[in-house]
Amino acid sequence: MAAAFLSELNPKLEEIADVKTAVSEAVINAVIHGYGMEEWDGPTQARRKSAWIHMESGLSDNVFEVSIEDKGCGIPDIKTAMQPLYTSRPELERSGMGFSFMEEFMDEVKVESTFGEGTMVQMKKKIGIVEQMEEE
Amino acid sequence: MKACKKNGQYLMIQMPEEIDHHQTVQIRQAADESILEDEVRDVIFDFGQTRMMDSSGIEIIMGRYRMISAFGGQVYIMNADTRIKKILFSAGIQKIAEFIN
Amino acid sequence: MAAAFLSELNPKLEEIADVKTAVSEAVINAVIHGYGMEEWDGPTQARRKSAWIHMESGLSDNVFEVSIEDKGCGIPDIKTAMQPLYTSRPELERSGMGFSFMEEFMDEVKVESTFGEGTMVQMKKKIGIVEQMEEE
Amino acid sequence: MKACKKNGQYLMIQMPEEIDHHQTVQIRQAADESILEDEVRDVIFDFGQTRMMDSSGIEIIMGRYRMISAFGGQVYIMNADTRIKKILFSAGIQKIAEFIN
């Protein structure tokens, strides 16, 4: 989805990969941590549970914005959660680098979460800055 | 799995163009089977085709390292481009894996 | 995003590719037809325009659902638009197969659109049906 | 582009694992340059690595067909798996391209 927007702006290939990586981290976090889907034992249980992710992404003024929202378990302590290498699920082979990668690849990352209610990650990145400056 | 090739004691894992959680679940299964059944010692990850990677790429390397290092095995990383190298370094992978070319 | 959900259900690889294809068609339609971004001449113009896509996807009762919504130009005649090979943009090398692929790969496709206001595509697909039957 | 190889009059295009609009924009540019500058006659699309494709895969084949068929060129499709073949057939690509193996 992100790539669809960005490719129209002739961004650097790196920028597309950056955005894809950051979005991928946030979405998989919603699925694995928010809804704990790694534990759903396949279709049988999926029949009894449900999980929704809300994603909004857009472009204005050369800034690509995306927000990823889940109605999962929420994060009790955002500051701890965002520390590099921190993971609440080491048993799942999680690296704890998800938030670090989002911050590394995007210009801005904001996390809002209410424990027991859900999480929203909002990210921004300027795209195609080089061309912009050349044109001015 | 097509992406795994065994050469003697090495397991060579061809990483996909885009590495995300979904891709690594499959690679992990195939790799672990191979490591356990064929008693592979070293694992080589070939990133030659990879253009995009999220943190699941880190996880799969660290996980395989944990499995094989106990038995003296070593993890190698091949053909990573500048971008992928930067990502791997930012997670400290150079401490557990050797970069070849 | 779709793949993140689906991979937890041990679906057939085909099912993931089906969903990805259908979502890809709907998103690129929003970008190209809805917002006409193929004509935005890069960052300069992007600074003056904006484009937003709203995507919601979820899983309940083994059914994967996704909706893709844009606030773009809308579709004047949905019936014509959905015909195989119909495209309003042959000059862009569009195949006119977008809606056909969505219908081929998903179990259900619903399109709502108001000319001048935007378009919403809703799609559903049952996932992992084989396992579900075996388990019963 | 790395994905294009010229062998005499043929242009061989290595299609990516996942073919969507974004990928085809790049392939198209590189292919068209090659067709025009090097006066390539035939184009071969190699789908050996491709697992997912949307309708932009159809567009890129039809577009190249239009360019080269006027000069007697032919489009070939190689290594498409069952799934990709099904998609190509559902769009009638067999009418304009020849499937090899």
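Letters A, B, C and D mark the chains as written, and numbering starts fresh at 1 in each.
By our rule, contacts are C-beta pairs under 8 Å (C-beta built on N, C-alpha and C of every residue); 3 or more make two chains touch, one makes a residue touch a chain.
As the structure is a prediction and not an experimental result, all values here were calculated from the model.
Counting hops only between chains that touch, chain B reaches chain C in a minimum of 1.
Shared contact partners of chain A and chain B, listed by label: C, D.
Judged by contacting C-beta pairs, the busier of the interfaces C-D and A-D is C-D. Look at where the CA atoms of chain A average out and do the same for chain D: the two points lie 34 Å apart.
Chain C and chain D have Cα centroids separated by 24 Å.
Chain A and chain C have CA centres that are 20 Å apart.
Counting only residues that touch two or more partner chains, chain A has 4, 24, 28. The set of chain B residues touching two or more other chains comprises 18, 20-21. Taken pairwise by the contact criterion, the protein chains are fully connected, each one touching every other. Residues 3-4, 6-7, 16 of chain C are the ones that touch chain B when the two sit in their complex.
Against chain B, in their complex, chain A makes its touches with residues 13-14, 17, 20-21, 24-25, 28, 32, 93-95, 97-98, 100-101, 104. If you check the complex, the residues on chain B that touch chain A are 18, 20-21, 28, 51-56, 58-60, 62-63, 83, 87, 90-91.
Contacts from chain A toward chain C in the complex involve residues 1, 4-5, 8-10, 23-24, 27-28, 30-31, 37-38, 40, 42-44, 46-62, 127-129, 131-132, 135.
Taken together, the chain B residues at the contact with chain D in this complex read 16-18.
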